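Each chain gets a letter, A, B, C and D, in the order it is written, and its residues are counted from 1.
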């Protein structure tokens, strides 16, 4: 927090989130934050640290285990002019409140002819590793991308965690923020003053010429690592973070893919009807049949997430499998290639350790 | 002097309530009459026979208070003062509708009148209403929220969740269960293990009452008590009001020939029709005048709806995001 | 029902469904059917007609309005060896039981290491027209296609309604059957004896050479009508019905698209992360960059479904808009073309009339 | 003659119960001891201090009966006779685990022993258990189902929905709420509007009892009554059992230094530890022998787990569809 630069201080993702809440709650009385455990001593891994003390129990409160009604409650409060932030410690739990999110939050503005707004933020975290297993590991953004009326953002670094969260809080529509458990400890330079990373612009996080790799959420750092790995064998990969998934900045993805003529989408989720399918379909629909863009998706294996370590390792894409996929696309004639397994081991795999 | 303002306040109240009751009844009869012409292309759920609940409850609310209604919500919408023309226009799918043709009969709203919307997914309005109550409490606005719901809605999990939360936070919300004994064609006996609903609600620390005499006066009195306590900070309250749906579940007709219920069930309710009961208490000339005014008012709303333009197809893309 | 041929009798979709239930319930004691209104005099538009009388209230029963618990209940009964069929009169209501469907039904076999099976059938109907509006009109199949462990089928005609339903009932996995309200009255030849239309094979419902039109659910008859319309201007469209959406017979769709080099997917749903995105992404991933296949999606407008008639008409694709899209793809250089509006009016639009 | 079979049936019962209690306690202590080695890469929720509930209830069940458990389910799994080695192997993520390494600590299952699975999404097991009870009733198998749930789970809508349905259909299911006063770190006071849970459950026509004496004997007696009635066709029953979680919510440690609760809360529960209470009633030599046997049994389960192979990565694709 001391290393201040023109672009801000080095801050952890989780602290950037906390700063976004603290600043927005101070700015706007109508913002309140609630959900299971937001007010306990662990304060959602620290992301809600100090908020109870600063803003009091009317604006920072836990709830009964009633995700469905609590979502409806937040929607009602939002329609009545407040700006609720609802926190879920796992994205899997959103399945309990799909009705309110899809049938009311997404639709209220429209089905009431514009006479109400739903400025609601729903925070949810994707769990990964350490045996999270079947029901604590899902990344379900595509379910929400399917529904008009919702916005979805998946910040992949501390800078965006703050900027996107502030944009989400200020947005007059329901915004789902997909956070990722493994990103919480990652650091980036983050401006101290409030700022917004608004919907509409994907970001090139690593330039390149041979292939476009669109990486979502935690796949961004993993794909950057893959980019380093393939660079060692002379492949130049461009890694793009869409940041906002709805609305999606297809133009930027298309421009890159047109140039590299290869498009790999690495999602932090299952593939069928996923964000990766959407990106590929949307890019190719616009690119036309003569663009000659090779496409591929990489993501969760098409199975339920297993907790057993070797199965879990096989379930997730990683820098090594991404690098292999890049290599296969860029040099289809060459024999299959895998980077040195030692080099593909991610730093978080040694630093993150159970139980939750 | 306006004859409605003549006499004691009791008479004024009766006249006011009659006006509302007759307006709703006549409106729904007109909807039923027009429906076969296919001008209303929206599933209609009439509340004929059940109006006394909405009218009794809404009569003790202020303009600033709010009601959350169901797809069977014409009565509560009108009772709370929702714009009549906008209601009919909405059913016609017109741009002048209360939801600009984007809601239809099942999603009536009039934020200016405190009608905060309706859901076609049963029970879904309950927690949303709780959220309005939370906001009112936090904003210290003094507004109370009334949440109407059917007997079927009490079977949805969000009902229990909402009660617990509303009680925990002592929110200013009155839940009103319009228990007409049926969910579509399914009677309570196939859906409720027992009928000890108010007892159950009371275990949350929520004062809960069952009204089984079908009387507007009783509903109004109990609602008034609850709302008064609430304005003094008492937290949520609950009323279960027994009633009967005279028409079919959805659509303009009666359906006693369908076998799932008999006209015998209707008879006592019809005999005690609250519109007629109130009518009996009003001097015939005044009544005739009111009836005539209401006929005009409703006809005017239909004329307005018919004359209003449909949205243009290009307007489809409006109001997705705000 | 008298017009018996070698392939069966002309039967309505709704009666074909009813026949499937009657036959399977007679064959297998463990099958039971439940859900709101299955036992009333309207018997889910007739699709459960007579079942209560034939099989009694233990095997045919209505429930409280408790979609979430009723789904869990069905899953438990299935794990215990029964074969429940759960009926929802609108697909929108599945949003109330997503947790059970996704977190338990889809995962139980896997997360319990194969020690249980969930032979559950979930029937749900897509509502359309007559002001169904925001919450009674959704087709949410893509949400379920995203989740490993579920199967999804969308019969588009009476023959498949019976054959797919029987296959679904006999399947040892949870199967979601997406029916369509507007298909209920349509007729086809249906064998009288029980038969299965199993997962795995798409069906060419109208052959053609210039373009491949993949049509889902109610879009099948609409695309066949579009096929007739474009035939009048000399375009030969191949219409393919995938029938089963999970598993999806990509091979057949790919083979056709490779041949016609044009792929239009017409879905009965929103496009983003939809079945249409999946089909396009999967086909192009396999076809490779040199296949030169032009792709396009058509489906719901990206808005909440409005009940107002002119908005509702603009919300849905129809034979006319499909025909225009086909024309634009096959003759990109030609001026935009629209078939005579009189000819595009669908027969159901005059025959189907409210309220529900 | 086996000394455990000597003496009156009361003694036999005490020994049997002690064996179960000690086995669970020792198992969980071993899990806690091993956990810091990172060999168990799965979130563990220990039930140390709460074992008396599972042991008391399961003691009155037959092998054919079923229990639905929670992610805090080691105790009930073992109490119902679930395979010990398969449990430990599952926590290790081994192929020999009760879910072949696909469940982890939060999804224990042993269908042969009547352990029908656990969900990591709170409350989700409740309706599933009801489905097993429905199946048992329809199949006329005579099996009863016990559904364990936490106090937090009662706040989920599906709990109310499940009670209503189970009561409506008179299903043979005993709901057992292990009320330890906390959901993670949140006390009841922040989650329940009142603590009138059993009263609420009773409104469904379900006999409901609260056990607050922390006694295995009481739990067993009440469960026995309920199960006996159920076997005679009485329909569902409900027990709320007050208890206390000695360890942190998830993980192997104590957490009285974290500020959300004080060790004073623990003191009375610890003083009345049901494992020690039973131990006191058993002759020391026999007790020592049992303890030794249990140590061997548990050690053997860990050895088995350690020695078992991990699944091969290729096995990932198994068991998606059946």
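Everything below uses one rule, namely that contacts are C-beta pairs under 8 Å (C-beta built on N, C-alpha and C of every residue); 3 or more make two chains touch, one makes a residue touch a chain.
What you see is a predicted model; the values in this text were computed from it and never measured.
A.B. asks: Which chains does chain A share as contact partners with chain D?
C.D. replies: B, C
A.B. asks: Using only Cα atoms to place each chain's centre, name the chain farthest from chain A.
C.D. replies: B
A.B. asks: Report the inter-centroid distance (CA atoms only) between chain B and chain C in whole Å.
C.D. replies: Averaging C-alpha atoms per chain gives centres 36 Å apart.
A.B. asks: Report the inter-centroid distance (CA atoms only) between chain B and chain D in whole Å.
C.D. replies: One centre to the other, that is 47 Å.
A.B. asks: When the C-alpha atoms of chain A and chain B are each averaged to a single point, how far apart are the two points in Å?
C.D. replies: Distance between chain centres, rounded to whole Å: 42 Å.
A.B. asks: Can you list every residue of chain C that touches 2 or more other chains, as numbers and ranges?
C.D. replies: 63-64, 66, 68-69, 92, 95-96, 99, 103, 110-111, 133-135, 148-149, 302-304, 306
A.B. asks: Among the residues of chain D, which are close enough to touch at least two other chains?
C.D. replies: Each of 97, 101-103, 107, 119, 121, 155-158, 161, 164-165, 168, 190-192, 319-320 in chain D touches at least two other chains.
A.B. asks: Can the chain contact pattern be summarised as a line, a ring, a star, a complete graph, or none of these (other)?
C.D. replies: complete
A.B. asks: Looking at the complex, which residues from chain B come into contact with chain A?
C.D. replies: By the definition above, chain B touches chain A via 68, 97-103, 107, 109-111, 116-117, 119, 121, 124, 126-136, 138-139, 157-158, 161-162, 164-165, 168, 318-322.
A.B. asks: In their shared complex, at which residues does chain A touch chain C?
C.D. replies: 92, 95-96, 98-99, 102-103, 106-107, 110-111, 133-135, 138, 140, 142-143, 145-149, 246, 248, 261, 270, 272-278, 280-282, 284-285, 288-290, 292-297, 302-304, 306
A.B. asks: What residues of chain A sit close enough to touch chain B in their complex?
C.D. replies: 32, 58, 63-64, 66, 68-82, 84, 99-100, 103-104, 108-117, 148-149, 151, 172-173
A.B. asks: So in the complex, the part of chain B that touches chain D is made up of which residues?
C.D. replies: Chain B residues touching chain D: 155-161, 163-165, 167-168, 190-194, 196-197, 199-200, 203-206.
A.B. asks: Can you tell me which positions in chain A touch chain D when the two form their complex?
C.D. replies: Residues of chain A touching chain D: 36-37, 40-42, 61-69, 92-93, 95-96, 130-136, 301-304, 306-315, 353-356.
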